[in-house]
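There are two complexes below, and they share chain A, which is joined by chain B in the first and by chain C in the second.
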Partner chain A sequence: MNEHLKPSVLDRPNSYVGKTVPRPNARRLVQGCGTYVDDICLPRMVHLAFHRSAFAHAKVVSIDTDEARAVPGVVGVFTMNDIRDVITPWTGVLDHLKGIKSAEQWPLANGKVFWQGEPVAAVAAVSRAVAEDAAEQIFVEYEELTPVTDMETALAPDTPVIHPELGDNLCFHRVIDSGDVDAAFADAAAVVEDTFHFNRHTGVPMEPRSIICDYSRAEGELTLYMSVQCPHMSKNLFAKHLGLDENKVRVICRDVGGSFGIKIHTYSDEMAAGAIAVILGRPVKFIADRLESFVTDVHARDHVVKARAAFNSGGELLAIDMDDVTGIGPYSVYPRTSGIELNQVVNLTGGPYKHASYRADGKVVFQNKNVMCQYRGVGHPIAVAVGEHLMDLGARKLGLDPVDVRHNSFIPDDAYPYTSPSGAIYERQSHRQCLDKLVGIMDYAGLRDAQAQMRDRNIYRGIGFASLIEVTNPSPAFYGVGGARIASQDGCTIRLDPTGGITATTGVTEQGQGTETIIAQIAATAVGVPLDQVRVLTGDTEIVPYGGGTWASRGAGIGGEAALQAGKALKENIIALAAAILQAKPDRLDVRDGSIVDIATGQERMPLSELGGIAYFRGDTLPKDVQPELVATRHYTQRQFPFVFTNAAHACHVEVDVETGIVNLLNYWVVEDCGRVINPKLVAEQTRGGVVQGLGPALYEECLYSSEGQLLNGSLADYLVPMAAEMPDIVVDHIETPTGTSELGAKGVGEAGTAGAPAAVMNAINDALDPFGVTLTHMPFTPDKILKGLGRA
Partner chain B sequence: MKPTAFEYVRAGSLDEVLTVLEERGDEAKVLAGGQSLIPTMNMRFAAPEVLIDISGVTELRGIEVRDDVLRIGAMCRHVEVLNAPEVAEHAPLIAMAMPNIAHAAIRNRGTFGGSLCHADPAAELPACVLALDARLNIDGKSGPRSISARDFFLGTYMTCLADDEVLISVDVPKVMSENVTFFDEVARRRGDYAMAGLASQATVRSGFITDVRLAFFAVGEVAVRAPHAEQALQGILLQDMDADAICSAIADDISPFDDLTTSGAAKLTMMQVLTRRAVESFAKQGAHA
Partner chain C sequence: MTGPLAITITINGEPATRAVEPRLSLADFLRAEGFTGTHVGCEHGVCGACTIRVDGRTARGCLTLAVQCDGLEVETIEGATGNGCVADLQDAFIENNALQCGFCTPGMLLTADELLQENVSPTRTEIREHLSGNYCRCTGYQAIVDAVEQVARQRAERT
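Entry: the complex of A and B
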């Protein structure tokens, strides 16, 4: 840790690290001048629409496409048999998730359909409207099969097996048994338990999934314009399954209108678009509409958890014992699998605490609903809600304050690095400092006084806490070791241009979260140029270094470190050249604010524009042995720990109208420790957006299915996303504990808000309802459920 | 989500609207603000062959103060009604309802008449015109007619408008000094369709309440009055109100349906809470009168 007390490479004159700066792409986006996939129009382009299964589980007896083919403007109609020769199926398993299994998945129905909305046949036409007209003229004869929808009975002996070749409906089973759980519960002063229901929901990016596949027969090249988080992963997967040379597949990802983990997976309709482009030799565009998004974008969560916790009389957590079952739809999603979410739940529950005994049994089961896979927060919201509710139950049972029970149970500050009973390794966390700061900024004592006074007037307010850990900066242990070609390393190339500005290309990607801004800040600081002289390019696999893109909160920590090292390397090259030109010693020179300066006095020796001009156009003036090298590339892989954990403390303040069941969100506070803060405003906005995306499913968002597996709310009128009017002010503050795994010291921040909010609001609602003896653990907390809990409906 | 191809007629006059409606009958749909019709077409739940855009028809626009009534043109945008001082003065119930209708972008295009003709069971305005005993002025090739709000709504998305008729305007009786009004709804988010809502108007004289209209919405197939509860309130001294009796009368009047996320039982509780809040508000308003 001590090296961080020395002046860092980042504490330089004209450093931009740690400062709020304007986002270079914001002007373009707010003016409506972004380039999303649907803005791109290529010559001879055709548009896809799909006939999608109306049933959750059925045999496809026959498909009649004659009338669809006859619709004027239709270029082609495709079933699985029409594309089978150009594409191979995929299976969503990874080697390091022991025992995980799934079935082969095809881009179009291959004899059976397994969820409502699964693509069965595709129409390519001159417009999307014509394609939809024709898709209505595809007639499919189905023979209905019994749908498996209830995950709690998916493994029962009389439940049909969805994929007979797998033998049962169990995708993945994980058991942890650490310490002596039975003894801990036997000796406990207090044992608490509850059953939790976590609702299926989905990401709802404003820009839906979108792709254009442009196949050149002449070159054997496929260019993909995609709205995606991982361009290199997509390049690999399309090449692999379309049988193309990976070097001849290019992914171009321009502006992305949100993704949240939705745009990180393999989707049947997008793979079908690739196959059809290869067959037609024409550009093929597919833009998912909102209904298609609801029935095919990965869903998330959908867990039932039974958990109990043991405490000693001092309110110290001794043990947690939990069972989790989660329904993932008919397939484990390729290539990341649908086992990771459960893995995170069992790895992370109780993460902030020092209990030595922990048992978890998690089952991932198949069902005939849309697939479920990684979405912002991956497992964390479940783990945090379960653990933090148990902490509150323990506090209540022991008559202690929930803050004190947390303090008593935190891992001691001097115990780091610390290995949790689930095997997770924490480098260093600041739970105590975060919670102390949180209690201060929210005026906890004042809120408790007000709460008591208001109860006398039949106004029911509640305060809920959540302390949490978050997985960030992943090493290759996340996916790479399991056999997935998903890069955990990332790279950055920075070039000094003749004008004295720099251009940085990076493998991490921009979805609206500000990646390009922080890369620019780091590059400007490391090289020593003004921020407005930095251009950052992302998202084009033929331009940027090979990298993993955006997942597991890695953009700042991994991509940022690569940018820092590339910038430092370029600066060294610049100084070496400047020393030759100026006949000075390199250690007497520095680069600051776009100029070569004397390191001691700061006096300008030469502007970078002059150096660039000499390097690129007047090499004749340089000594014979000097060859300018004004491009530098560096890569970074975090391999010291499997992940670098962040931590945070959240608090939520609500008022429950016990007559109508409406929850009013009054305030929300977060104290977050994401290590080095590169841009305070972006960190705060990531946290706020994450909190909102966690409050949404706790109060509003749910993919509702009938018992037959029909999605009941496929529009934004019926699927309620959190909106500004209901959201509270969210106050964000920081503790900075830089990670020692990198020079930059940054950890991730993209998902922690989502991780903590469901727990905090659940605890706040239950605190508000405490006078009624009501405890609610079935999300979302609708007015209906609250009134029923109160015996008023 | 693209509609099937359709013809588009931008009508310049009421006569042109009626002519096309007569010629095309149920193949035609009148397009006002399009806030419900266009999504319905995009989802391909509706596929009219011709849309008659009435936004340029001046006979359908404007808000007019007449002797006993306020006349609101069918083509008035929600935002116009929201901002009209005449509405605030003469039809405060409608003014109270307007901010609850969806969001600003929808209120900028959606229309007063369009909402009534769409007859969504969760919409605010059908309940308002029901509570106010408004009259709806209709025209068609067979001639103009006027109909009470009570008779206009037939069911979910169903009204008594014939295929060749169009709603022209709505006559709302002007509020009187002894009237008291209440509007509220319970919605999960601001601007959402309510789980239960109440539009109510009554007369209070010397603390006694008469002529009570309780019009509920989002609880059945169509906005609906609650006759037993109205009767239970009729003529009573507000300060002596027996809330339990009124709540039980509401249960006799209406058995709300379950919707996707709210049970009928929860809706009934919300209706009873809204009614109690209405009567409490009436008592306050009556005391100030």
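Entry: the complex of A and C
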């Protein structure tokens, strides 16, 4: 049969792809039977607690650990000098981010401290309570240095340089100048501009960062039980900096209680735990408590953007010109660097539109606050908020509807593949289709009518839109080319078991988004077995194929394609064996629902359990030249484009109480296009969770620092995250434009919700406040800021 | 600091007599006893991940001391699973994908069950209000509200 006449494996009669099926791993989680790191208890295990710097910037004059050592139950107290022989420092730079620089970072303070919360000394003890008691008995003499906290003056000549060896406080500088920006602004019918503040916030996974390091002196082996998104990356980094043979480091990652990008970075306290395990030769557990999570989990955003846009009289976007400055704390985080977020902002602002002229100047600066790095959405929430607010300003200035201005400015459908003025390449996007569908499901016309009527009664409702692109399925261009050993490829191995079921192992990981479910759906479909006959294993570097893990919305697109190809290969092997056993031609056979069937009639020829039994136990009955091969492995790297872009259109409907400044979220709609949808329910839930994680920082979440670099609200009581009562129901619908880069056609969806929500809610609030002539662009939009904006506070 | 005190707590129907430090939280006590379905997300009473039942009422395991529960009955998610009292909620959570990472889920289930015992047909707003002491960072809450609403309907039909 010709290749092109074969029906796609995804369209098979018993396909699970495109269906909502429940997650097989959910049952143990609802019973409280998951295995998170803190649930694991190993023999002879000790617990770590840290003395952390109380100052944002100081010299460490002396550390007195005598009293801590004397606390009963303490096994060891460690400063940098005590672990220096077993661990090397790291520097968060990548070759392809030209000019990026950072200082060497050590697991424990090495003479100076650079942010409040930086670990200075560690106590290992028989229980966490004892370790914490003893940590309080560590006395450190500090000599305070001037903290650099304001990112906007970090580069001023009279600001102290945090790391003198670097020469200045500039980490990374990126400039784009494309087309003819000056001419576009000179010719424009309308020019709009604004200044935006994006608040520092953080991921707050409900399970804090957690690790157990178990070092066996006899074997020279380190086993790490981690709550992490990228086990192979961690394996490499612990081996490298602890001087161990990488083949003797194993990372086991069972259940992960949320991560959102927080758990893909190198953390000093976790590296110190590794060093202490090597020194003690016994398992060391470190579970961050919530207070230390706030001062050490990577923060995100913290950007000030000044941007302007030029439009012609038809409401077509001609040019964007922007400056962005972001403060990332005292170090660029290793190994992904803290230059990536700014890079994404300048690459993606105005992404859906056809403007030919674009200038962006972005600076990443050091400061004495907690480090900042990649968190769900990485740069997108900023890029989308800036671009989409400019679109609304343009619409307002020209007296046009915001929907029309977007329509007039979208990249034309026939222009794909399209290279943006920032150099991003889009394979194919469905902005127009998404926005049209969105306008339909939300009853835009009806909402506008209602809005006008309510205004007469002094009720202020607003509608905000956001069209966006999202980076997914990254190629090696993201990290690999920069020298980081972070795999962009992923693999899947599928084995036919003697029972007739299959076991799939994959390098992508599960943090609750449903990775194991979609891999099972794809594998079941590709091989031809019932879904309940599939077992999926993830998160153990000793078991799964080498891979990158789950981040940058790559799990479904990259891991899924590897599973599809492995499943197809295994099926071919199964059919070859069945043909030999049944003395039939391979092309007359198919595998469906766990049986070998006649391809034309669908009649069962042999169940897979029988084939498995013969292959594994009765090889004596097989023809001499037949060696069954019932395991297949395939790998996949997306290398056609640097990234495969997902797109979406969001709309938010709010009511702003102009007396109290409270924003009431009334409705939220998303039409997203992540290509082939493998499981509609899981896509919708990723979107909803993502939207709420975007609404949180737009309305409530902010890491508030004093001018001395002290975090003022580092507890869950003071740092507000969205609660059930405040959040709206979110309607999610789909457009499917499969990517041609893979047979599966799936793009990612994990971050698009977070990318669009801040823009949509900001635009909605400003739409509501339009009668007052007020424009707010300083997140989060707290009642206080709204009242101030209205001149009522 | 006072030394360990001997207490007897009935955990999921089985009495356990232990010597515990007065400062030990009930959540840490239960986890050390192997009931690791009681999760600890903040240790300062905000997130609700440590929600358990003490003598039939939900409580925060991180804000309750083990010694306060001397002579009391404590039920964890393991116990509630064993006696089947939240089986319908567990099924509905799975069906609606009302959990992602699952860290908030045990506490969320016990809190939802408490609501449905007090109010047999809560509105969505009432469900959202009642669950607001339990944080979920993954789902955005809607699927949880859907699941609880569905179980309220099912329980009403059954009675």
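FYI, the second predicted complex is superposed on the first by the 786 of 793 C-alpha atoms of A that agree within 3 Å, B and C clash if a C-alpha of one lies under 4 Å from a C-alpha of the other, contacts with A are read in each partner's own complex, and residues count from 1 in each chain.
Just so it is clear, a residue touches a chain if its C-beta (ideal position, glycine included) is under 8 Å from a C-beta of that chain, and two chains touch if they have at least 3 such contacts.
Quantities reported herein were computed from a predicted structural model and do not represent experimental measurements.
Once chain A of one complex is fitted onto chain A of the other, the partner contacts of A:217 are absent, as it touches neither chain B nor chain C. In the superposition on chain A, contact of A:258 is made with chain C only, not with chain B. Of the two partner chains, neither chain B nor chain C is touched by A:639. In the superposition on chain A, A:723 contacts both chain B and chain C.
By the touch criterion stated above, A:511 is placed in contact with chain C alone, chain B being left untouched. The wider contact with chain A, measured as residues touched, comes from C rather than the other of chain B and chain C.
Once chain A of one complex is fitted onto chain A of the other, the partner contacts of A:618 are absent, as it touches neither chain B nor chain C.
Of the two partner chains placed around the shared chain by superposition, chain C is the only one that A:693 touches, whereas chain B remains out of contact. In the superposition on chain A, contact of A:26 is made with chain C only, not with chain B.
Look at A:44: by the touch rule set out above, it reaches neither chain B nor chain C. Residues common to the contacts of chain A with chain B and with chain C across the two structures: 129, 289-290, 715, 717, 722-723, 725-726.
On the side of chain C, the complex with chain A involves touching residues 21, 23-24, 31, 35-47, 49, 76-78, 81, 90, 93-95, 97, 99-106, 109, 124-125, 127-129, 131-145. Against chain A, the residues of chain B that register as touching in their complex are 1-5, 43-44, 186, 188-193, 195, 260-263, 265-266, 268-270, 273. Contact residues on chain A toward chain C in their complex (touch as defined above): 22-23, 26-27, 29-34, 36, 38-39, 129, 203-208, 255-260, 289-290, 511-514, 681-682, 685, 688-693, 715-717, 721-727, 729-730.
Chain A meets chain B in the complex at residues 127-129, 132-133, 136, 289-291, 659-662, 699-700, 702, 704, 712-713, 715, 717-718, 720, 722-723, 725-726, 782-784, 787-788, 792-793.
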